[in-house]
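Labels run A, B, C and D following the written order; every chain starts at residue 1.
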Amino acid sequence: MHIGLVGLGKMGANMRRRIREAGIEVTGFDRNPEVTDVPSLEALVEALPAGERIVWVMVPSGPITDAVVQDLARLLSPGDLVIDGGNSYYQDDEPHAAALAEHGVGFVDAGVSGGIWGLENGYGLMVGGSPQDVERAMPVFDALRPPGERADGFVHVGPVGAGHYAKMVHNGIEYGLMQAYAEGYELLAAKDLVTDVQATMRAWTQGTVVRSWLLDLLVQALTEDPRFGAIDDWVEDSGEGRWTVDEAIDLAVPAPVISAALFARFASRQGESPAMKAVAALRQQFGGHAVRAAGAETVTPSAPPTSEA
Amino acid sequence: MHIGLVGLGKMGANMRRRIREAGIEVTGFDRNPEVTDVPSLEALVEALPAGERIVWVMVPSGPITDAVVQDLARLLSPGDLVIDGGNSYYQDDEPHAAALAEHGVGFVDAGVSGGIWGLENGYGLMVGGSPQDVERAMPVFDALRPPGERADGFVHVGPVGAGHYAKMVHNGIEYGLMQAYAEGYELLAAKDLVTDVQATMRAWTQGTVVRSWLLDLLVQALTEDPRFGAIDDWVEDSGEGRWTVDEAIDLAVPAPVISAALFARFASRQGESPAMKAVAALRQQFGGHAVRAAGAETVTPSAPPTSEA
Amino acid sequence: MHIGLVGLGKMGANMRRRIREAGIEVTGFDRNPEVTDVPSLEALVEALPAGERIVWVMVPSGPITDAVVQDLARLLSPGDLVIDGGNSYYQDDEPHAAALAEHGVGFVDAGVSGGIWGLENGYGLMVGGSPQDVERAMPVFDALRPPGERADGFVHVGPVGAGHYAKMVHNGIEYGLMQAYAEGYELLAAKDLVTDVQATMRAWTQGTVVRSWLLDLLVQALTEDPRFGAIDDWVEDSGEGRWTVDEAIDLAVPAPVISAALFARFASRQGESPAMKAVAALRQQFGGHAVRAAGAETVTPSAPPTSEA
Amino acid sequence: MHIGLVGLGKMGANMRRRIREAGIEVTGFDRNPEVTDVPSLEALVEALPAGERIVWVMVPSGPITDAVVQDLARLLSPGDLVIDGGNSYYQDDEPHAAALAEHGVGFVDAGVSGGIWGLENGYGLMVGGSPQDVERAMPVFDALRPPGERADGFVHVGPVGAGHYAKMVHNGIEYGLMQAYAEGYELLAAKDLVTDVQATMRAWTQGTVVRSWLLDLLVQALTEDPRFGAIDDWVEDSGEGRWTVDEAIDLAVPAPVISAALFARFASRQGESPAMKAVAALRQQFGGHAVRAAGAETVTPSAPPTSEA
């Protein structure tokens, strides 16, 4: 088997390696000349057998994925197949599938989880598409997913879009899990009783109800930097968390935990919070409460507090 | 009528004035010699008629109120009455009442709302105690509460503790209201479409469903400082919000809004968030995601993003 | 002046009356023959002077508003003006304005607040559009808004879309305010100390920090039905709350309170919660904890509890 | 070695077995004659060597643990040691230690995680106490914790109270994790695109970022009952979640996720929500919005909706 792989960033490069190690030939294309196998998308397409091509797309979601899919729609031949393995919004999948179908090209959306550890451990895969298209790509999925008794790490979730939908929800859960551990970490770190936060969380990795891979990673991070002194409290979000809450709203599903985790990230990136300025201003108005002048390190002295009034 | 008033801070001094304007004689005591009427608590007690004394306590809740109540238990005579008008925790009222009852002294707890505007508008009052004790103090409550058709602003909520319980819940609600307006303010301020946030919120003060006194105050604050440029996003909390959530937990009452408002205040005072450092560290572990070094202004460049992995 | 008004439901009928009382002639159209002034939209258009027409649209947002706007684009003449006073999504305004502009017809979006009380009190108005279009419609806005010293209840927020954006945020705030009062109500109702919940909340309407029109209404509701015995805990949501949270997500604005209020409504309408079934199932798995069989009134007896394990 | 074990419920009985399998003699006492080894606590104490006794207490926290500790203080001899392995509130540990110390008896608090699976897998242990007391009990801890390379599952967290503090935080995290998975489950179950929820979550157990023991259990639960048709959405909480949020409030640590998970449990157990009745009543007041009569299955028909007003 010989497939194409577009996008050789952190994830794509690792996946190329893992697929090759499974005995499948991979021609990779990336705009970065240092990592690409061929000079152009056209060259990638030409390197593969027309009508039997499988091209895995692993580029940032949104406009870049859109552009690559449009280019492939133009370049590929009837019978070829495109797999979008990026973190595309699931509602983009149907339009992508339709654009490719106009040229007789099939489409599968694949949610891929595992991060930089997937190279070694295998990737969790959740895919959407027709049974035929998914069946055709199974050798590639088999190469990527965890081996042996862990081969459960693959699922054909449903029709086109279902793979990315499942990945979106997966990531929404992930937001909630991370925030739960983070709140617990802070509660340990804030308490004098706890003499070694890292050792305590390490102990949780065995036998307890909260043991998980994320906990293993958190312990690893604490081992490297016991109080996260070298890291800022600034947390990006990458789309899936937002989409998950949007979806919850659309489906009228209460999602207090996932949304709280998302909002905590938003707040982490605000140099200052307009909302909390408004609350401070309000307290000053009704209670004459002390406020901190912008930029001040200490609160302005005030008359003895009389609480919230 | 002639009463005593202990504590002449912002609230107490205003209340002394309002009670006097209603024709009731007030002897006030404060440790601040510039505002006190008498040099000591003993002098205050002596200035009032034994067995008929009413002493209003208006000092910070907790240890200071505890101390004043203990002192009064020692100094007062059977038949006297103490009113705690501060923001005491409602579970402290019963012990205070018991300590005073040992000396034959009555006790009423009074939640007082209205802040610095109460002098002019009258104060909202919610009191707890025996019918007899409350009845005795009615002239004082009448002096403090809003006059005329707004005289509804008084309620005898129930037995000792009920007044402060109601005040606690009142303040918990207040946290939620303030945060709701604040989130709305931020959503207006963040949007290009809105050319004048202050004018928009001012329009809300008339005819709309969200009109309220707090909104009036927020508009006033915006008039003074249109984008809160001179104010820090640092918001104190004064006990009642915490107690309200504690109480919700104790009663198994879901309180997602009040607790969210409380936690937003906690977060506003954190120079950096240990929890969000933990989340940032986790993302770096599993995805090789870029993090910001502590103190950095910009994020470390990284390989093309691969989302949440 | 003579204007058209499309949609004579609860809000529209009241507005027709208020505008007429201000001396402006109104021709109203509704599909309900019992309330309409004319038999068709065409008849409404013909009743007004071409090139000077103002047609206020007050129908449910979404497809019905879309259809009315399309019909008006076809029927109206250059120089006419359409005002959408419904609760349309602000991102629908620009397309509506564009569709009308093709026929030389102007467009103003108007957020209207005040509910069934607006007839008597006047409506809070927040509008978007060009200065010229807004200027032309001012007599109508003047008729609707609160009179005299409360005339602040009108604002020209910004360009097309700004009025509905402000109304959306207004309603998002409203969700938060209502939930805050509701949580406080439940905390009063759950506590033995509080002998009269209605009287307590009534006292809050005067002098306190939490006084507001919504509180007045809540007290009115409690007066009619002291423990809400005749009302179900089932709360609809009408779009603006969802859009507000969607917008918060889009702008990366933390909105923990408004989202919590929205999710509480979602949860109120679930006969049973799939998520909480999942939590119950999980507890059973790891701890052998008792669960309630679906439909059961009491929990299955189990071995002595061992907490969360 | 020969120890005593008080409390042979689900957890205690399993632990007796696991400790015995490690070669330590165990005399167990329970009020249930079918499971106890001795007829009384006195008999248990007599069966052990005075001055060297170790008695593990594994009974429900609160009054029952209090009573057992008081009984042991009376019965034990100087040099003996009590280990509280239940889910006691960490602030109860110091008083328990003091009561025992009066009789020369040592005290260790041990948080134990692992549920009914601990018998097979070993238990995660987090303990508090003096180094000497902990050292003495190590053979018992070694018997209970996971073996071999998973022996990390033990930590001496700090002084008396620290073990239960860590367990409390552990359980608070657990609440957040469970709710995150549950919200994700509901989002999968609510979506037509997902043809097999159980298979999708099963795939997540391998290779993904969200893999964990709790996820394994959730998949197991779904395997037994694919849509949780036999289980009610009624979720108990057992104290640690409440204490965790109380502690967050006390330490001013934002805990939006753990508190949201706790409140979701509270809400799950409410036959009807007073707060949501209040919100429904409010909507009816200002907008004339339809409400559902208590007990009704369908909403009362109303005039065409005009949103939130």
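Structure notes:
In this section, a contact is a pair of C-beta atoms (placed from the backbone, for glycine too) under 8 Å apart; a residue touches a chain by one contact, two chains touch by 3 or more.
Worth saying up front: this structure is predicted, and the values here are computed from it rather than measured.
Listed by label, the chains that touch chain C and also chain D are A, B.
Comparing the centres of all chains, each the average of its CA atoms, the largest separation from chain B belongs to A. Over half of the residue numbers at the interface between copies chain B and chain C are found on both sides, making the touching surfaces mostly the same. With centres set at the average Cα position, the gap from chain B to chain D is 36 Å. Annotation: 31 Å between the Cα-based centres of chain A and chain D.
Between the Cα centres of chain A and chain B there is a gap of 43 Å.
Residue positions 113-115, 118, 171, 174-175, 179, 181, 183, 186, 190, 209, 214, 248, 253-256, 260, 263-264, 267, 273, 275, 286, 308-309 of chain B each touch two or more of the other chains.
Of all the residues in chain A, the ones that touch chain B in their complex are 7, 9-11, 59-61, 86-87, 113-118, 171, 174-175, 178-179, 181-183, 185-186, 189-190, 214, 217-218, 220-222, 225, 227-236, 238-241, 256, 260, 264-265, 267-268, 272-296, 299, 303-309. By the touch criterion stated above, chain B contacts chain D in their complex at residues 209, 237, 242, 245-246, 248-250, 252-256, 259-260, 262-264, 266-267, 269-270, 273, 275, 286, 308-309. Taken in their complex, chain B has these residues touching chain C: 90, 113-115, 118, 121-126, 128, 145-146, 150-155, 157-159, 161-162, 165-166, 169-177, 179-181, 183-184, 186-188, 190-191, 193-196, 199-200, 202-215, 244, 247-248, 251, 253-258, 260-261, 263-264.
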